[in-house]
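Two complexes follow with chain A in common, the first pairing it with chain B and the second with chain C.
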Partner chain A sequence: MSDSTGARAVMWAYLTTGVAIFGLMALIGLALRVEQAQWVAYDPGTFYALMTLHGSGMVVALALSAMGGLWFIMNRERGMDRTIAWSAYAAIVVGVLCVILSIFPGRFAAAWTFLYPLPFTGATWPSWATGAFLFGVALVMLGWTVYCVQLLGCVLAKYGGLRGAVGWDLVFHPGRASTSSAPEPPPQAFAALVTAVDGLFAATGGMLVGVALIVHWIDPSVAIDPLWAKNLTYQFGHTFANLTIYMAIAFVYVALPRYANRKWHTSPVLAIAWWGTLLFVATAYFHHLYMDFVQPRGFQYLGQVASYLAAFPPAVVTIFGGALLIYRSKMRWTMGSMFLYAGLVGWLIGGIGALIDATVPINFSLHNTLWVPAHFHTYLLEGVTLFVLGWIFANLEARSGLVSSLLTRWIVGLGIFGGGALLLLGWYVAGAESVPRRYAVQPVPGPAIAAWASIGAMLLIAGLVFCLAEAVRLARAPKALTAS
Partner chain B sequence: MPVITGEREPDIGKHHLDHAVLMLLGIIAGLALYAPRNDRESAPWLWVAVLSPILAMLLMAPSLYAATDALPWLHSLMHVTFALLALLTAYGGQSYIRGVGWATSALLQTMAIVAAFGYGVAPAAAGIASAQAPASAPIPGKAVHGRQLFAQNCAVCHGQHGEGGVGPSLKNEQARKDFAEVQAWIKKPAPPMPTLYPAPLNAKDVADVAAYVESLK
Partner chain C sequence: MHQTTVLAGFLVAAAAVLIVMAAIARTTTQPEEPQSIVTATGYRLRRGWLWVLAAAAAAAFALSLPEFPYGKPATLTGQHYSVIATQYSFELPSVVPADTPIVFDVTSKDVNHGFGIYDPQDRLIAQVQAMPQYINHLPLRLYAKGHYVVRCLEYCGIAHAAMLGSFDVR
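Presenting the complex of A and B:
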């Protein structure tokens, strides 16, 4: 197997596994929403077990997909050991299987960002299910850590250490940068560096709280500070979920310029923007603890400031930059470019929702309402998912030399964008109406809103099915003569 | 010196920081020992660098201290192991690809320091409760442990000082239930009180919590 073929095998394994898990989790998500719409009824224990699976499964699905694409992109910069990538993949897949086992048949139902003393106190599931879930998540984290270490090694070795990888000389010593033997990092390398560094930072917290919880599961006499555990849970969970966006941004940097027939340049502004992202992604998670009165006040301020500042680098460099890239260009609108551009729009909208909720006085009203799922579903569904779909179609179009018809794009777009908008609007409206999140039985007007949001979810899934069919069509087409 | 001899400090958090110092020494040694190599990936060293911190955190489990209390030499051996694992974390990372060892070392050192604030350490609420609790008769020995368990498992509903909240007030509970009755209630509560026995509270824990509850005035 050639290096290129082997690398593609790694990428497609990550992508197809991620997409498969995503599809299953989408159906589970629909089941949750129709239950809240009171169209079907099942016991709350089942609801929370499904909610646990949906949340943890979706984040891992999107992370896997983004990891595969980013690995392939950086492997083209500097060849990486495929066995390491396969090892990380195997650890994550086995971890996912352990999590599924804990829920079916274990009926573990504590959600994936459970707060200690959950999942030990008041558990309606057996202890082995708790252990299976914790070990499953630990394996996923292990795979993630291995992936991040490999990615970090790649950028350090390729671009001349940390100084070269962050573009330090590009910003402060342009003369030295132009004569350096190390190549200038392209935009996607900054995404890889931030993923690796902040990913390892997230893994630090995740490993520590994970080990503590596993030890407590084995020996309940081992005490854990609940506030400490909550901080580490969100330090890991928020950062990990957030990084799925930044991994997928590499797809935009690589593929969108091909459609616009322009180059996305590295510049001092881009480098400084990613420095900001490196810092703010690591510190924004404190906004999950605004309502914890025992949290040190300084952390609250840090979370507020970091959450606001986190918006600037993406808005200025990637979103605005992406818009300017295609402005007055000979842009080719295909399924791939449609998804990549729409993902930028979804990211922008989700970011506005996030900024609103991350404002402390507003968080008093929106905390733990459906506004929270509204903003992160916008990021993940109409941001990361679209970037992943865009990358998949960009590769399939390049390989086959074919593009989708306008009719196909309209059908898929109506489903994914129209249905998605209806689904997301349901959460935003419900959140503004103070409908709480994570409730199997919602107070009025939750069920009525959930009803029309469920229609949106069905349209979205229909759009995804059409999309899948189109992807299969392109994948089965013969390879184009000009394809690499 | 407790750090070297393995004599355990009563403060688990401080002892975690002692471990962090040992690990820092191991990291320095690992980074110093590293010999420059070509920047080609070495998969085995990657796994050494990733698994060593995890193993160190597992060995830092506070419940292992009870096993080593009677054998100080074993505790000292654990300390040597921590330093060795830290050395492997640093050396392994650098051997994988030059520069990575600094990242894996930072990962391990951060975990070791942060562990001091919550891994096996009684929650801060217990400290606040003891600072703010009114002066009262001395609490029986087992009720001290019971207060810690109460803070972890019961205070969320019954309040930090048993003053009530979602759950009823437990002040002067000894007027309503005797020691045996409180234990029986904890073991078989009526909804919506959750079941805490046999996990996370074992029989001894239940007795300690009951002793603390009986002491509330």
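Presenting the complex of A and C:
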């Protein structure tokens, strides 16, 4: 197998596995929403077990998809050992299987947050299910750690160590940067560096709390501080989920310029923006603990400041840069470019919803209402997912030399954007109506809102299925003569 | 801030984003402009955009600071009421005084719970987490008299949605 073919095999393994898990989790999400709409009825134990699987599975699905694409992009910059990439993939897949086992047949239902001591106290599931879930999460973190170490090694080796990779000379010594033997990092290299560094930071927190919980599972007399565990759970969970966006933005950096027939340059401003992302993605998680008044007060202020500042690099540099890239360009609008550009819009709108919730006095009356799934579904579903779809179609279009018809794009757009908007609006409106999140049976007006949100979810899934069929059509088409 | 105002503000901002980004996408039907010219103008705009955002963020932070709900030691001197959460109920006072500074001392006997207070119009007006081994002090002044419902706002197990409490404000 040639290097290029082998690298593509790695990317498609990550991508197709991620998309397959995504599809399964989307159907589970629909099952949760129609239960809240009271269209079907099943017991709360099943609802919360499915909710646990949906939450943990969806983040891993998006992470796997983004990891595959980013690995392929960086592998072209500097070849990486495919065995290591396959090892990381295997650890994550086995971890996912452990988590699935904990739910079917284990019925583990402590949510993806598994806030200590919920996995052990008042549990309606067997102890082995708790162990299977915790080992599953630990394996996912192990695979993620291996991936991040490899990515970090690639970036540091290619761009002249940390100084070169962060663009230090580019910002402070432009003359020295231009004469350096190491190449200037392209925009996607900054995404890889931040993913690797913040990813390892998240993995450390995840491993710490994961191992602590496994020790407690083996020996319940080992006590854990609940506030410490909560901090680490969100430090790893928030950062890991957030990094899916920053991995997938590499797809925009690489593919959108091809469609616009322009270049996305590295600049000092871009480098500084990514320094900000590096810092603020790692510190914004404190906003998850605003309602823990015993948390040191400084962390509460830091949470709001970091959450606000985390919005600057995307708003001022990446999303603004994407808009500038296509402005008055000779843009080729295809399925791929439509998804990549629409993903920037979804990221921005979801970010506004997140910033509102990250303001402490507003969080006081929105925390753990449906406003929370509203904003994170906006940037995961209409942001990261679209970046992934955009990357898949960019590759398929380049390989086949084909593009989808306008009618196909309209049908997919109506399903994914129209259905998605209906689904998301349901959460925003219900959040403003104080409907709590994670309720199998919601107070009014929750069920009525869930009913029209479910229609949105069905339209969205129909759009995704149509999209999948179109992807299969392009994938089965003969390779274009001009394809690389 | 009232949640309906927050929702309205969000929807206006989201609509503005959609309109601007759609307008930018539509410019691709116009004659092409060299990237260097677009970039030069764009970078000037970006500087202005940065300052607008920075001013908005600074103003939002400054305006929010006095509204942080944590309370200073002086505001924790009102009448204290103990709240103990447990799977799946609340031990809490049946009556609290209206228009008087009070403090809820909230903890949990087992897992993490949320102590979410809904006013007589069924709107969430305040909350704090109930965490085992810790006591969270929630200073509050409830002006409207009536029946208040308490809902658990942290997932705590399979009967989470049924975990309710209530008290009257007189």
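Please note the rule applied: the second predicted complex is superposed on the first by the 484 of 484 C-alpha atoms of A that agree within 3 Å, B and C clash if a C-alpha of one lies under 4 Å from a C-alpha of the other, contacts with A are read in each partner's own complex, and residues count from 1 in each chain.
Just so we're on the same page, a contact is a pair of C-beta atoms (placed from the backbone, for glycine too) under 8 Å apart; a residue touches a chain by one contact, two chains touch by 3 or more.
Computed from a prediction, not measured in an experiment: that's the story for all the values here.
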Answer with clash or fit: chain B and chain C placed together on chain A by superposition. clash
Per the contact definition in the header, classify A:G401: touching chain B only (first), chain C only (second), both, or neither. neither
If we overlay the two complexes on their shared chain A, which of chain B and chain C does A:G418 touch? Say first, second, both or neither. neither
Using the touch definition from the top, say if A:G23 reaches chain B (first), chain C (second), both or neither. neither
Using the superposition on chain A described above, determine whether A:T121 touches chain B (first), chain C (second), both, or neither. both
Please work out whether A:V429 is in contact with chain B alone, chain C alone, both, or neither, and reply first, second, both or neither. second
Is A:D219 touching the first partner chain B, the second partner chain C, both, or neither of them? first
For A:A203 in the superposed arrangement: first (chain B), second (chain C), both or neither? first
Between chain C and chain B, which one touches more residues of chain A when both complexes sit on the common chain A? C
Kindly classify A:I352 by the partners it touches after superposition: chain B alone (first), chain C alone (second), both, or neither? second
Partner chain in contact with A:V149 - chain B first, chain C second, else both or neither: first
By the touch definition above, which chain A residues appear in both interfaces, chain B in one complex and chain C in the other? 117, 121-123, 225-227, 294
Would you tell me which residues of chain B are touching chain A in their complex? 39, 41, 43, 46-47, 49-50, 53-54, 57-58, 61-63, 93, 96-100, 103-104, 107, 110-111, 114-115, 117-125, 148, 152-153, 156, 194-196, 199-202, 205
So in the complex, which bits of chain C are touching chain A? 1, 3-4, 6-7, 9-11, 13-14, 17-18, 21, 24-25, 27-28, 30-33, 35, 38-39, 42, 46, 49-50, 53-54, 57, 60-61, 64, 67-70, 87, 110-112, 114, 116, 118, 122-129, 131-138, 151-162
As the complex stands, chain A meets chain B at residues 80-81, 83-84, 87, 117, 120-123, 127, 142, 145-146, 149-150, 152-153, 156-157, 161-162, 197, 200, 203-205, 207-208, 211-212, 215-216, 218-229, 232, 294
Okay, in this complex, where on chain A does chain C touch? 44-45, 48, 109, 111, 113, 115, 117-118, 121-124, 225-227, 230, 262-263, 269, 291-294, 297, 300, 304-305, 308-309, 311-312, 315-316, 320, 323-324, 326-331, 333, 341, 344-345, 348-349, 352-353, 356, 359-362, 364-369, 428-429, 431-434, 436, 438-443
